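The first chain written gets the first letter, and so on, giving A, B, C, D, E, F, G and H; residue counts start at 1 in each chain.
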């Protein structure tokens, strides 16, 4: 039973999911990874979203390029916090995805991160911050991480 | 059994749906109208999309502001042609919605129209063009409309 | 007598037309391809547009970069549905073409697709959806395609 | 036989054409004004463009909002210099029109002016500069105008 | 001891904080509100950030216009999750603030919400989702809210 | 005594000036070329501008990247028509230069062309159109060029 | 003999210059104000720039809308530090002016401030900071201002 | 005791700091360089900012990519003039950093330079202009530099 579910819109963007999962791993946060496009696999995405809470996940990180509907679609089917990472897959270099994730209508929140690499990294760190609210071990690792960050 | 299903993401944007429906009415094209947000009412949106073809609809026109996921979500659940109209509801005046609708990933097509009033009008006219492929009456009205357009 | 006419604004962008034609071919949809710039060959473009319906075409797909006037110009000379694909040919990477195609004035509809590769692909798929409204064979292939999409 | 032909894409934008014509009038430059949409009245636009030179016009000023295809369409049918003025008619406040006019593909030149009021004014002044190349009277008025400009 | 700390960059933007606090109130989530500019009151902002966790806050919501450094500055001084809301205070209507909040460098995560009203609302709802991970009462209210959302 | 003066803001952008001069050459239009930055060599630019008309030039083509002040500066010192070509020299790929050239304030007109290669080409063609107003030879070459364009 | 010269591109933007001059006045910094457009009054602008240092000015603040060439033009004629304030005068709301001022080519520096009101205010404050480097009185007032800022 | 403090947000951007320091060196201006991220090392950044004046620095140049909070954060902790250089580190090529630095709220001024190389160069030249206000030697070198600039 993992804490974080990473959903990637397209296999071709897996380099970004690896950044996220590596950071989660450093903090000892368990995660599962799924590839499920909002548009090409809506039913799978819906099932993943609806069952996420029962499956024991606490946070969902969704990454997608183009008109990145994935994080919003997931957020509409779950009550878990959803973190969205816009990817620079199209000719517009991710500003399309960023606006798609950022400009959610009122009522269904999605947490937007930066475009690409840094967003993928920070998505993991935000998940860690949320999980640390109720996990002293993670909180300590986070403190250590922050101190290390300041030193490097 | 209407030919066109208009789906509006929010009741507050109904002025745009009226532009569309008025044009459809001028051409004698039957339509139904539903209000169903992609994010606030995903299940209703899904049901509408899945059942649209069986309900006899031939074309779906979906209108939404902000990160307008509605047209894409509908297109992922139906094989009917979906026309998306971005609305200038947010502070970004519709460029957010336009990119969300335009930049669909490969595999699930959505037909993007212009932002706001003109998009609402042209969505109806595009639906009419599609329907006229198999309806001589509509085709004639379309010819008349185009001639009138050139005169005014 | 083909069903779809693909018009490409410049020979240098033929890679995109190939994406479109390959998908049409997969669905057994017949097509012709023409190269005709809106600005450099306005008369040819006009003749193609005016005669398209009589030539038996049902849908026109027009692809162009820069200030992509091609789809709009064609749409003004025919009553057939016109699908426009903006191409990332200029230094602005297609946002110029996308706005040119998207922001059609009221009265003459053009259906805008995404920029570049995905738009080229989805243009074909949208044409297939429209044609499937009156062609059971295509409808079946479309269902199969969608199922395959969900599996891959 | 006027020297300048002003073509306005839509009657609703006539305030801009008035700015232009007023300036032309101040310089004693003769002009005619036509309303002719590139998309709604392509044949009229084409006829105007093709016959412009024979009608004695030396310069064409074309003003349009949205995906402003008008200046480019005219330029493709005439060898006269064409000046395009993007108008802030849509929700995007003219950046759509500006890119449509500015980003002409190679081979068919259009001279883009600023968006709205200033573009309308400068279009007239540019026409005056061009006409002054072969008209001493206009040249003198231009010198006087520039001196007055510096004083106000 | 409140659960959420709302920090507003400028008193003139308090309308947005009221949207947020009203939603939090509906869910019975306790909150405090502070006005503290990142640039005009850096020491106060720093103190608030450093002491936030000890003060018992679990989540910080920071709202600011212009080059909205507030959420990032706070996030750099605390390990709590920080939610940032860009406000449309400048002539650029919030795209400046949105990019400032969204494009955080790797290492210090900030969760970006939409611009203005909807972002203010969704910031509260995201906080509620996070708090509901360990609070059954809030979880139930969230379920009820989502059901009500779907009905309205 | 040449007809066209090409002014290039920086030697590093000479590839664009070559495109322009090659086209002018094809039409038998004489030209001179100068390198003179608006900001680094304001006095030279001013002298060139002030003396251009006396030197017999009829048209000035000015090309520059970044905040391309060159065309506007020249236009403020001469009554000749000035054509400005924005170059994609900066990280913003020419949108900075394009807006700088396009958005001239009322009173001093500059004719903006597209960004980079196509703008460089079209600047020459526009100059040719202007010169053809009083030169039958050039007019004939222009007709031939246009016919050839349509054939290729 | 004043310390700061404020140059405003157009009388219609004097509301912004008043913001600047009021702040300078609060700090007891002397200033003169001139209206001089880069494009409409290039000679006056040049004279002001060339003579500024001899006139005893230490800093020049230049404010302009549209393609705001004023700060750059001044900076090219003086060795004094030049502060540029982009104004939201055009339909593009100052993003045109901001890029024109910001993206100066290498060699001639201009210091860009924010668009409109806040830029006008901060231009004065930056001038004060520069002058305080060699004026203890101003330095003290600046300290007091900053403390007051933090209190309000 | 150096005159200029260069603060770089990330070691990976040191190529830009080298451009700046090389120019400062040409003018005989002393400088120190520090790497200190606004977000990853807020305390170091704060200490550097607070102590900068006492350490004898007269000007601070801060360079950062992404949501470049560094220059603003420094400016909020010092009364020295702060020059900010946006870097093209993210997928958005520096427009994110440029807006973050440019759009400072009223009260705390930051002087924004162009994106990347040219900004790095001009930051040094602006610092030199400011220092030359009270240093005849630097003033002379600046005159020589400007003359050389005009010759090259």
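Rule of thumb we're sticking to: contacts are C-beta pairs under 8 Å (C-beta built on N, C-alpha and C of every residue); 3 or more make two chains touch, one makes a residue touch a chain.
Keep in mind that this is a model prediction, so the values were computed, not measured.
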item	value
Interchain contact steps from chain E to chain H (minimum; 1 if touching)	1
Intersection of the contact lists for chain F and chain G	D, H
Inter-centroid spacing, chain G versus chain C (mean Cα positions, whole Å)	51
Chain A-chain B separation of Cα centroids, rounded to whole Å	31
Averaged-CA centre spacing for the pair chain E and chain D, given as whole angstrom	50
Overlap residues in chain G, where contacts from two or more other chains coincide	40, 66-67, 90, 92-93, 95, 102-105, 107-108, 114-115, 118, 149
Chains touching one another, given as label pairs in label order	A-B, A-C, A-E, A-H, B-C, B-D, B-E, C-D, C-F, D-F, D-G, E-G, E-H, F-G, F-H, G-H
Complex contacts: residues of chain C adjacent to chain F	40-41, 43-44, 66-67, 90-93
In the complex, chain G residues that touch chain E	88, 93-95, 114-116, 118, 149-150, 152
Chain B contact footprint on chain C (complex, rising order)	58, 79-81, 83, 98, 102-115, 117-118, 121-123, 125-126, 129-130, 132-134, 139, 142-143, 146, 149
Of all residues in chain G, those that touch chain F in their complex	9-10, 37-40, 42, 46, 64-67, 69, 72-73, 75-77, 90, 92, 95-97, 99-105, 107-108
